[in-house]
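Here chain A shows up in two complexes: once beside chain B, once beside chain C.
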Partner chain A sequence: MILAPHVPFLLKGALLTAEACALALFGSLVIGLLVAALRTSSSPLLSRAAFIYVDLFRNIPFIVQLFFFFYGLPEIGIYIDAFTTGVLALSIAGGAFSSDVIRSGILAIDTGILEAAEVSGLSKPTIFRKIVMPIALRTSIRPLGSVFINLVLTSSILSTITLNELTGSAKIVASDTFRPFEVYAVLLIVYASLTYLISLAIGALHRRLNRDRMPDVA
Partner chain B sequence: MIRARGVQKSFGSAVVLDGIDLDVNVGEVVSILGSSGSGKSTLIRCMNGLERLDGGLITIDDFDVSNPKDLAEARKRSATVFQLFNLYPHMTAVENVTLAPIQVLRIPRAQAESEARALLDSVGLGARADAYPAQLSGGQRQRVGICRALAMKPRYLLLDEITSALDPEMTAEVLNILAQLARTGTTMVFVTHEIEFARTISSRIVFLDKGRLVVDLPTDRFFAGDGGMANARIAQFLSKMRKE
Partner chain C sequence: MRYTSFTSYDLILLAQGLGVSVALFLVTTLIGFLIGTIWAVMRFYRVPLLTPLITFLAELLKNSPVLVQLFLVFFGLPALLKINVTPVEAAVITLSGNTAAFIYVIAVAAIESIGRDQIESARVFGLSRWQILRHVVAPQAMAFAIGPLTGLLVNQLQVTSLISVIGVVDLTKIGNILNLRTLKPFIVWTVVGGLYYIAAKLIALGGARLERRLRAHTAWKGL
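Let's turn to the complex of A and B:
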């Protein structure tokens, strides 16, 4: 097969994609939780700030955000390497979408449950950590899965800031071999497998978080 | 003691509590009766600080529930059981019971857990301690709710229509436990529609109507023809509830 000598190179790109996505996935989850907490907080200032963040980053094309961070910031003296920029940009954009999903999970929590927690004397941070967050996550894990899958797909845009992740490497191989059909066919399969793996993981996580509703668990 | 003086509470233009005075002493079981909308549940929700008073004062052992600094202490002394159980759905029965003792009272986990299992055992749920709320029947959930309240070792137990969401059989399961608690001298404020049961466990009965406290009498006086029954509104309420 014509691509055989290029497999290690493509594999390196795939690994870079996986690394960037894993970090960004974690980052967007952390940002999403934090921003969702702020948006549902009783402080008007904090919730306003969080709303602005979400509105801003959901309404700007990802590639524009990325170019701004990578090509724009150095103008004012802020240099960040391509990989870090990519992970940060993905986390920030993913965080905006995650926070939306998590926020609706929080708003769906039965107020009676929160009252029970409040009356028992639990502090607000403890209520968030022990009750609000786990309940919101278990209801929002499936929509979060879609956000994460989108994150993997969006990561292909990182190739535009000199990062030779999967798509970037594929472009190089395609132009080296003049075999775009084969190269991009491989790319299709690899992305589909990556996102399929995430679907599987999300499904397993959903079952685990909602194990109390499974009939066979006593 | 729990002391309410001139308690006022409105929702919008609807006056729900209109000058309630009530004392609950340690060791008493005080049942609060009244038709739906009379303000019974709101009174309990004012006692545990879930509703803010529009006027008047409620203190629990002299801690003012309207004062944020006192409220934490007031809440340590009281515990609430809710009509709709309000268990934490993602935690097992035993986790529901141990959460606040570990987090608020700082009881070591192992000790909290063995106490929780003993409590669950005492309400007949020893074998279901590791089940999740969704895997329990309504009556079992409410028994977990009672254990969750008792685990905080409260001086006052506030019970807000705790059997209203249960069928008669499950109601009996839960009331049996209350009867047990009443015998051991637990102080309770019991908002309920279970009149006959209230009669058997209460030291006093309070009747609310349209946000006002109509009578506050020892149980035997409440049901006497020349006591509470002499009040036309109460007689009407009791005869209607008995027919149902």
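Let's turn to the complex of A and C:
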């Protein structure tokens, strides 16, 4: 096959994609939890601010956000490489989407549990960390999974800021071999199989985390 | 005046870019809606062979990056078939196909949301499969689908920004041009982002209006 000599190069790109996605997954979960906590907080100011963040980053194309950070940050004296910029932008955009998912997970929690925790004299941060967060995360693992799959697909856009992840290296291979159709067709199938595997893993994780409840769902 | 400063002509450029983005969005939504609906109807009629093929194609389009699909059509197709594909043609083909895949999934879910007993009783009344589709399934499925459809369209508007990568002069490309000339990324990308935001909000508003209209007959009117 024509692609065989280029496989190691493509694998390097795939590794970079995997690294960026793993870091961005972590980042977007942290941001998502924080923003979801703000949005469900009793302070109208904080929940309003969190809503504006989510609304803005969900309704502006990712590529515009990416360019905003990539060209904008050096302007204010912050010099970071393309990889860090990409992970940052992915985390912020992913955070907006995952916060929405986590928020609905929080709102679905039985208020009796929260009242019981309050009566037991637990402080608000403790209630959030020990009770709200674990329940919300494990019930919303499936929608969080589709956010993550979207993150993987979106990471292909990082190739536009000179980052040679999977799509970026495929672009180089396509222009080296003059076989763009074969290269991009394979790339399409690679991404599709990758996201399919992720969705299988998420299904398994969902069943594992919720094994003690909802026997009909799991 | 230095060439790096903003001029009033930049506003016309931005308006042009927005026009290209919105026009491509409207055209590809229309084509995608037609194709996606035809696929769903084929599934409703249980056309053998075609149904699994369509489902597979829709899954493939849904689960791969639009950027890669765009490269496949713009760089891959000309090399394979020895034809010329302009950036706009590639954009229309890719975005229509992508929208069709998502609309197919929504349409299938909407059709399946209608109870079996309704279709069975319609058949007992002697309605043909087309009459059932036209008078029983379609109106209810439309009311069901309008919510997810609005969400999809807001998303697809943002997806159009990717066509700037293959050289279509849409709003994002104009942003790129202005950014390189004026070297004021914060102002340029904030304005471009703001325009996309407003367009997305308008779509969401229109969808909500339409949903209220379509659901008017099932809404609670009070005693």
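Observations on the structure shown:
Please note the rule applied: the second predicted complex is superposed on the first by the 213 of 218 C-alpha atoms of A that agree within 3 Å, B and C clash if a C-alpha of one lies under 4 Å from a C-alpha of the other, contacts with A are read in each partner's own complex, and residues count from 1 in each chain.
The rule is short, and it goes like this: contacts are C-beta pairs under 8 Å (C-beta built on N, C-alpha and C of every residue); 3 or more make two chains touch, one makes a residue touch a chain.
Source: prediction; values computed, not measured.
Of the two partner chains placed by the overlay, neither chain B nor chain C lies in contact with A:20.
Residue contacts after overlaying the shared chain place A:89 against neither chain B nor chain C. With both structures placed on the common chain, the touch criterion links A:116 to chain B but leaves chain C unconnected.
In the superposition on chain A, contact of A:138 is made with chain B only, not with chain C.
In the superposition on chain A, A:130 contacts chain B only, with no contact to chain C.
Look at A:33: by the touch rule set out above, it reaches neither chain B nor chain C. Of the two partners chain B and chain C, more residues of chain A are touched by C.
In the superposed model, A:184 makes contact with chain C only, not with chain B. Chain B makes touch with chain A in their complex at residues 48-50, 72, 75-76, 79-80, 82, 84, 86-90, 99-100, 103-104, 131-135, 148, 152.
Touching chain C in their complex are the following residues of chain A: 56, 59-65, 67-68, 71-72, 75-76, 149, 153-154, 156-157, 159-160, 167, 170-171, 174, 178-185, 187-189, 191-192, 195-196. Chain contact summary for the complex, chain A toward chain B: residues 110, 112-113, 115-123, 126, 130-131, 134-135, 138, 209, 211-213, 217-218. Residue ranges of chain C in contact with chain A, taken from their complex: 59-60, 63-69, 71-72, 75-77, 79-80, 154, 157-162, 164-165, 172, 175-176, 179, 184-186, 189-190, 192-193, 196-197, 200-201.
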